[in-house]
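Listed below are the structures to be examined.
Here come two complexes built around subunit A, the first alongside subunit B, the second alongside subunit C.
== the complex of A and B ==
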């Protein structure tokens, strides 16, 4: 008896589900292979059978529209196959919002600046785990030479009888999820404040340890011992994250990183294009990994509606000569994706989009952010701004007004816009007004083609802002970043010398 | 500190009768012992007569302290020791021997000459060193020792692995300047805007 096991959504956190389909970006937008839309629809259908029909399905993007249509069709199919099944409208979920990656390619191309985002950029997070050098998370091997091996923090301690062991180059896999309380606190913060938080936590743990001097009676000592286990694991967690943060800082202080960041921020702010081109040219000359160069060039192409002819030809030549002629295919792929093209008309909708959606925010308070733009230190992810259009209160006081009021902006973005209400039989479902004391409404947002850790952080920020009236659950085909996105469409060959690198 | 004598009296019928008694007179010269013993017995009886049932009391006389515990069952225990002997230990000892006596000899057996109570002698010897014998004191000393060991263990545990002080310093060094650029860009390019 053979059956099929449908492994659909994998829950990474209470508010994060992923299908872990790594190649959807390439398949959907380059190959025209819509299989992943089917898998997404099937997974969402399963959610509907469990939690009820989504009263409202909205979204932006052509593939997103395909997904919505497929969902509606699946629902009708279920009704046909099994007439006795009654799908009721969901009590908790108030809407499904589908965002197509192709609507916002700018966001993943920018370097993520949240703690978890930077870990992904520097180390590459796979299935909520990172692999790092064990020296980052354990005490330096020289100290632990004599005596019993230290706690289970390292997997590399040698037998005690040897003289000081050589530093091991082994890797250790670390789980990054909200089970680690310290990580849960740090993950969505801008990296600028991570150091001070770690510092505060270190001082607090130190004070707690000092509390042992206050314990005089047996009861107090027992209480301290009970706390000790928790303090030790916090201490280990602190050690790990201090190590990771130091490694990341090692990258962020380099002039290469800062230059790249400057180019990105100038491009997104629409400033001084020509100087940016000089910088990019210099990077190619220095043989910086191609993926970094392509991130910046694609970004430029997207925000300016393409490159001027002579710049376009120039960069094409430089790339082929520096990185290899196989990348002709890479550049053709990018052209097909509309990510690296020649400018055809001077009309560029991006400037208007940037203004109407307020994508650039000058005053960014990293310690206590008031806007989602903190995740890129001044740029608000376009995709999440679109989400904000839908969920913030409209003028008539009703939340979840759909796309009303933003039709102009939406027209400027590529892809279809849609807003459907799912009917049960013939009755229309009205979005319920939230009564005081009721459970918060859940809005499900689905990223088709991948989403980044910064987008997740930004959405979590929105959830906090709303006084607990609304919860967001984020679902995606996979979690991605600029490197994985571009690597999936880059031509690969065995090429000695330059290879596609990180960051 | 020393216990000189332990005596048990029956206090019924308004007549105090000596039921059992043990003495430790090793501190006295050989020829004095008889008179001392008489003296102790006489004093014990007097104190027992003057102690109401259910009452505990202590009487001090020169260097000697008399601890008396009179129980409602009609028994009284008198202990004579020097003034260094801890009071709590004395009373717990009296309590103990009276309990044991009651268990061993029910009321009808309280005939002075026929009582053989060797435990009394044992207790007298054992309790010469209150620290050894007394449960509470024993537990207290053990506790203090354990606390010391505990503190030492915790110290060594916390020394292992990376010191917190190091982590505090390292985390102070971590910094990240990210938002300089937008502001810079705005300043230098406020006149131009790229379409």
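== the complex of A and C ==
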């Protein structure tokens, strides 16, 4: 007996749902396997039965179009199967926006600079839990106070991009969610300001502890004791995050990190390529992990519409000879995905896109951001800029004018663009927007092929703008970053010693 | 294109044979001149490695070219390393990086001084 198990969204936060399908990117774009589109459509269908039809479905990208078509078809099938169960148009959700990962591959390749994003880059977050060395976060108290830790320590032998841990090094699993108030405050911030916030919180907690000296009367003491539990858990969470932040700091001060960050920033900003090439060559010679090299090379290829023939072959040869010939397949995969290719024409769409979508913002205030570009310290994620096209007011003050006004930009990006209106079959008139006033409208955003923590942060930032008139709910097939994205398409090697960095 | 299954083969002989099949495929196709060259080099590397394994009594097969050179230097066979360098036309820059790293690892400061 073979049944069908419907994979559904797993809610991580109030505004974040994930299907946790780790390999959708590879399946969709490399293997051409569309199974995950079907899962995504099922899950979205379920949301529709719960909250009503999405009045409008917009999106960009070929696979996104597939998903939208499938969704519309499923809805018609439901109507045929059971005519009585007509779905009404949702009053809360005003539209569904589907963004295809292939439309914006640049963003995930950049190193994330928000706190949560960096945790993901350094330790990799799995299902909103992170495993770190227990020495980093200090001894755990008996009563675990952090968020909702689901598990105690486990033993693992290796974690990538960490100093070689002692065998049997104790690992501690930490839940990262908004149950931890301090983390909720820190997660979307640029890492540059995390330190000062931690400092401020530490001072405040200290002051609160000092408060006990002022307690004179029995009532005051009781009040303090009542507060104590909260204080202790805050204290523990502070210790955890200070530990993690310190560890990340250890990585971000290394020359390798800064060099590769500098290369990235120059690349996305369109600064002359030749100096970046030297940096990348040096990285290969130093035998840094291949995935880091590929991140930069793919980024370079994407922003320049390919590499010059001479450089292209040079880097390919360097990689094969340094990291092993089996990576020929890796390189072919990247080529197939159009992520690392030879330049065919001098026309470069990215330069135009960068200009028309204002992807590079020079003045960034990490402390007091006024634009989403703060998340990458100057680069605004392309995917989120696209969202902004749809959700911000048009010139005439009317929202929901869809892609209008941005047709030129969209044409430069790969994949189809679409905009469909869903309504009840029998009634042509859309239900009037009645009781609009109080409830903020919700826009559902679906990332097909994964999104990064940084994009989530950027979208949360958008939600705070606009006077809270609009809420965003983010749904995704998985949460990804440059490393996991590339790892999924890299040729796996089994012989020992070939993994870079062993020399 | 996925004839690169040869990496799953355990013994050298069948590994090389598989690669030769793949090489033929690529050679027939002008578009894939680079791939053909790469596979050709790969075969040469495996052959060189097996020869070196006999000479030096070191496990080398499965390592990348740079790692092989590294091993040669650390086992005091700089001559072999230089030969690999010229056989595979390794750019000077990278070769010196490898050499530098290897010598530092061996704490061979005298040799390092000579560079």
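The definition used in the following text is that the second predicted complex is superposed on the first by the 449 of 503 C-alpha atoms of A that agree within 3 Å, B and C clash if a C-alpha of one lies under 4 Å from a C-alpha of the other, contacts with A are read in each partner's own complex, and residues count from 1 in each chain.
What we mean here is this: contacts are C-beta pairs under 8 Å (C-beta built on N, C-alpha and C of every residue); 3 or more make two chains touch, one makes a residue touch a chain.
Everything numeric in this text was worked out from a predicted model, so none of it was measured.
Enquirer: After the match on subunit A, would you call subunit B and subunit C a fit or a clash?
Expert: Fit.
Enquirer: So in the superposed three-chain picture, is A:287 touching just subunit B, just subunit C, both, or none of them (first/second/both/neither)?
Expert: Second partner only, subunit C.
Enquirer: Looking only at contacts as defined up top, I'd like to know whether subunit B or subunit C touches more of subunit A.
Expert: B
Enquirer: For A:332, using the defined touch cut-off, is the partner it touches subunit B, subunit C, both, or neither? Pick first, second, both or neither.
Expert: It touches subunit C, and subunit B stays clear.
Enquirer: What is the contact status of A:322 with respect to subunit B (first) and subunit C (second): first, second, both, or neither?
Expert: The second partner, subunit C, only.
Enquirer: With the C-alpha centre of subunit A at the apex, what angle separates the C-alpha centres of subunit B and subunit C, reported to the nearest 10°?
Expert: For this superposed arrangement the angle is about 130 degrees.
Enquirer: Contact-wise, after the overlay, does A:113 reach subunit B, subunit C, both or neither (first, second, both, neither)?
Expert: Touch partner of A:113: subunit B, not subunit C.
Enquirer: Counting only touches as set out at the top, which of subunit B and subunit C does A:24 meet: first, second, both, neither?
Expert: A:24: touches no partner chain.
Enquirer: Considering only the touch criterion stated at the top, classify A:203 as touching first (subunit B), second (subunit C), both, or neither.
Expert: It touches subunit B, and subunit C stays clear.
Enquirer: Enter the shortest inter-chain Cα distance between subunit B and subunit C once the structures share a common frame, rounded to whole Å.
Expert: It comes out at 26 Å between the closest C-alpha atoms.
Enquirer: Both subunit B and subunit C touch subunit A; at which residues?
Expert: The answer is that subunit A has no such residue.
Enquirer: Name, in rising order, each residue of subunit B that touches subunit A in their complex.
Expert: Per the stated touch rule, the residues are 143, 147, 150-151, 154, 157-158, 160-162, 164-165, 167-168, 170-179, 181-183, 185-186, 188-189, 192-195.
Enquirer: Which of the residues in subunit A end up touching subunit C in this complex?
Expert: Interface residues on the subunit A side: 281, 284-287, 313, 316-318, 320-326, 328-329, 332, 491, 493-498, 502-503.
Enquirer: Applying the document's contact rule, which stretches of subunit C touch subunit A when the two form their complex?
Expert: The contact residues of subunit C facing subunit A are 1-2, 4, 7, 34-35, 38-39, 41-42, 45, 62-67, 70, 88, 90-91, 93-94, 97-98, 101-102, 105.
Enquirer: Would you mind writing out the residues of subunit A in touch with subunit B in their complex?
Expert: Of all residues in subunit A, those touching subunit B are 113, 139, 150-151, 153, 190-192, 194-196, 198-199, 202-203, 205-206, 209, 212, 218, 221, 224-225, 228, 232, 235-236, 238-239, 242, 245-246, 249, 252, 261-262, 265-266, 269-273, 304, 346-348, 351, 360, 362, 364, 366, 377-378.
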